[in-house]
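Each of the next two complexes has chain A plus one other chain: chain B in the first, chain C in the second.
Moving on, here comes the complex of A and B:
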């Protein structure tokens, strides 16, 4: 059984594409299309890695990092994907405990490499 | 007559209206409203259903697209079969227009989110599925928004075949289509930028220029053409953009064109040309920059000055100096000054809020006076010591020779040569002599300084010095009529050189400077000049001797002492020509010691020092000491008053606090004060009140009388209480009464016992009611 990846992205097309690529890469992917679903999933299960978009309904990627690190007290690696790659977003993400940051447009192959790297660090 | 009230004038007369029409109109509006709402409902439903269908289709397409995007040749046979099936399936699907449009939309969306290999595959898939043909059809549309979307689609999917179709939209009358086409042309092919710059007739907005730059910047392996070629364009926007591109790509091959553009009427082009000139350091542009400056706007002038500052040299300072005088505009003037300092650092010094030197002169003079006083003391000592006199004269002579040399340079060249040579030879000799003399002088000065009387020091003043100089000058005039140059120089001389006589380094410095003069190596003295020089040298020696012999040093000192006496009468500080001059005033040592003693007594002493102070009064005669001693005696003789004295009638404290306020008040305040006195006053106020009764007006006197009466009764009462307190000196627990109940209390208690209180009555009432209810 492959490593579990939580993919949180409200963009159905991109999520589907990344989901496909990650699954093809041997990962067990769970897709959540909004922050609420992510929170509910995380209460029941903790994946090996979280790949999350920064802009999501109900619960942003930054809030997700805060939730995982400070409420769940989990050290699960978190990779943030954002189209707004401004400095403030990147800094906030890293300050709260994100492990990596990828800006759109995303190369699925690159994401796969980064996910593998973060999982290997554990 | 009809009264006015009964006349009715209708200002607004409503037109007659048939009520039937009203009904018809109402029905019409209701129908229209219903149609409107039905229309909205239908359109909304259509949009919703469309978006729902689109969403479903996107979900349907997305795994297919993923399969296409991440298909690898190394996949298994099953996967390959699956891929082929999908391809057939998708080709069937896109036969439907809606499906095709959805697929195009999906691919365009993913194009924005994906990068790398996936993006390339995506673009290939778009072309492979023939979706670009739809975009081509869009270009033929009459609607500008469809044309624009078609161009955008083709540009995003990098369909280079569309280049030929899109270029015709470069000068489209519709701005959006035109701009989209411009970006597409630049984006699709490398030569697009050239075509665009060649053909565009319209304005290129700043935003559009930024977009072009962004496109060009992200173009891989882009080799920019020489943008100088478009500096000749008739479209000034093309010229401006070309200048910016020249600057961005650092193309310095169009120097002359850029310099010519300085004369362009468009300010933006001028400004950009100046920037290029500055960037590429086109020094040849300086004359044109100066030429253009006159008729340029403020911003351009500042830009030109900035450019001159960057590429200019000191030869441009003259131009800037002229501008400094001419320019009135604050910004330009500041820039001119800045540029001047840039080309010639520190040529312009701060002037704003800088005080004149006169402002600080008093302090400087003060410091100089102190310094000169010290110098004069040393000079005086030197003058009084016979052994030092010859050296002094030598020093004077030497300085005269130095000054002579300087004067000769200005007057005549031949004499200058002689004097210079003379200096050259004499300088070394004199220098050696001076060193010996100075060492002797210094030794003498040190010994004399230790022994010198304080009286002498106090009498010394700098003003005696010019006398000596004058004497010396007169003497020298009498000695040598032939040596006119020296005499003329001596007349002009001041005794500023006097410190040089004592100070070793300063003498050396003067001579060294002469030796190192710039003009010195220019002359080569021949033998005749040497002979002439020797003659002059002999003359100088003879003058030295004569001066020493003829100067009446005794008179000099006498004169000095007389003058000192005169100066002593002068004030210590004089104000002349807006300057403050301080004169030295020294005290005798004995006097100084006594003053120090007195100051110590003043600081730490008390009345026990009085005998000593009295003694000092008798033994000292100095007015300063006597004044200070008397002052201290007065200070220590004072004894603080006793408490009884404080409240005696002679003392202020015995007086009412209201007195002073009362004397400075008006009538109303006085009345208020009297009321206050009545409230808080005591026997101290009696005197004030009596005065008021005797001196003031009737009203005040009447009030004062009543207050006085009140105070007196209060005092009497207080006295009586005091007496009682003293008389009734009873023990604390010796009481002459017993505790008991009053009649009223007894009655109250009795009624309570009878149950006649309100509480009792309420209780009895409730009991009665309870009994009645229970039968």
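Moving on, here comes the complex of A and C:
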């Protein structure tokens, strides 16, 4: 079985494309489109890597990192998807323990490279 | 040449066609492209020499008795007709694939190479069409009309058209008709205009400065039978004595480098000569190098009767009246002949119509998708896709606004079968060439789309405002690449994209009611990535600006940009649909 990726993004368009590409890349993808769902999912499952948009309804990417690192005490790699002009948020994300970030518009190919790199570090 | 050899040649041509269609143009270097173009041109000119230049075979032919030569001539003409037809088929594929290739994302150097292929193949197509035209006339397959017409009116119309062909030129067009020339004569007006257009058109090509004069006088008169002499005199580059004798020969130009400097296929004069001689006329050419050239021809006509010209045709067209009826009418013209294009453009523009000419089916559909067009004028005889095929494609369009646009066909000959075909395709009406301005106007008034308020409403959204172009562009190629070329995925993503936009429109509408700029900024922020994915840079920037203005708390500016978005987005979606349809069809 392929490595499990949690893809948290409320933009259906981008999520569909990334989901498609990650699956093609041999990953087992779980997609959630809001923070509540993400939280529910993480209570029972821990994926090999998390890819999350920084801006999501109910539960932001920042809160997600905080939840994973400090409540679940997990070192699962987290890659943040951010928009240009959100540098401040990216800094907080890194401070809280994000491993990498990628800026929109996301190149799926680049994301796949980054995902593979994080997973290989484990 | 034996039939089996012909077939062999044709086989090789279709093989060439296959190779061209499978060829990977990306791998061409500039030098290779040059070489390709050169060898293509060499092939073209050697083909021309071998098939069309009678001098090549003259040694063997001269020894044969005259009768045999005639037979040879006849079979040669049949051969030309046959081969021209056969060459058109693979050539159409070459042109078609080059056009498709040009649509793809190419580097500028690849673009140039494709354009070179397009140019060379279009030239070849034009040549072949002229060869067909020539063989049709010389084999006697053309009939001549005998109708009463006003000579002065016709000559003025022709010269008016020629004037539109003079661009930035310091050349004066003079028309001089002797007083004794009858006003109404009986003969073939369209062939006469073709001949004069050709001769004056030639002069225009070779004259940079000075004048071109069309003169007409009576050479002989015998009761009601007249022989008129027409002359076209110019102050152009002239033709040397040695070359004058061969200038009317099929497929010859004065100098081998004439084509390089002036273009043209060299068949125009032979066609002209055939037309004149088939009507028992004569053509002579006099020229002094670097002084100028005079081409004169005689044609017999009988005196016409003004009463035989239908009342409609004699009635002077009131431009003001026409303007009132047609002002602002949007008309699209499918016509491949540049001169006719010029002519119709001039005529329609005078009446205040907005005219879209020089369109291919694809371009035409793109315009139709974004603009309300009231009528389409369709030339039935066009190379590549003919008028029937273009009309069929329009009638099959999924957009009812496009599908139902009235189409009027025009053609120089209109057979019963043509009539049936028009009916079955859904062409509304037809106009026989040559037509009078009055014919043209009344057929437009009769057929143009009535303004329908419901349609108008739908089109308000599409009304173009400020620089609409930038903000309506999309490019699906990179997204398709991200989908690994899987169209199903691409279609799915486009659906999601449209949903995102609808959500955005809804959100902004709600939040504008409460002036909630924070929420609008959030929606804009979410949406901009979608436009970025479609490489819709213009619209992406508009959304960025909208977001920035939300943050700067500039409500009025936000509203203005949102209006602009509502105005341009339907155009963008149209472009998107067209692009997607093209990709889906591939």
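Everything that follows uses one rule, which is that the second predicted complex is superposed on the first by the 120 of 122 C-alpha atoms of A that agree within 3 Å, B and C clash if a C-alpha of one lies under 4 Å from a C-alpha of the other, contacts with A are read in each partner's own complex, and residues count from 1 in each chain.
Here is the rule we go by: a contact is a pair of C-beta atoms (placed from the backbone, for glycine too) under 8 Å apart; a residue touches a chain by one contact, two chains touch by 3 or more.
If you're wondering where the values come from, they're calculated on a predicted model, not measured in any experiment.
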A:55 touches, of chain B and chain C: first, second, both or neither? second
Partner chain(s) touched by A:21 [first = chain B, second = chain C, both, neither]: both
Partner chain(s) touched by A:12 [first = chain B, second = chain C, both, neither]: both
Partner chain(s) touched by A:110 [first = chain B, second = chain C, both, neither]: first
Contacts of A:70 with chain B and chain C, given as first, second, both or neither: neither
Chain B and chain C footprints on chain A, overlapping residues: 11-14, 16-17, 20-21, 24, 83, 104-109
Sites on chain A touched by chain B in the complex: 11-14, 16-17, 20-21, 24, 83, 104-110
Sites on chain C touched by chain A in the complex: 479, 482-484, 489, 492-493, 496-497, 499-500, 522, 525-526, 528-530, 532-533
For the chain B and chain A complex, residues of the former touching the latter: 55, 58-59, 62-63, 65-67, 69-70, 106, 109-110, 112-119
In the complex, chain A residues that touch chain C: 10-14, 16-17, 20-21, 24, 55, 83, 104-109
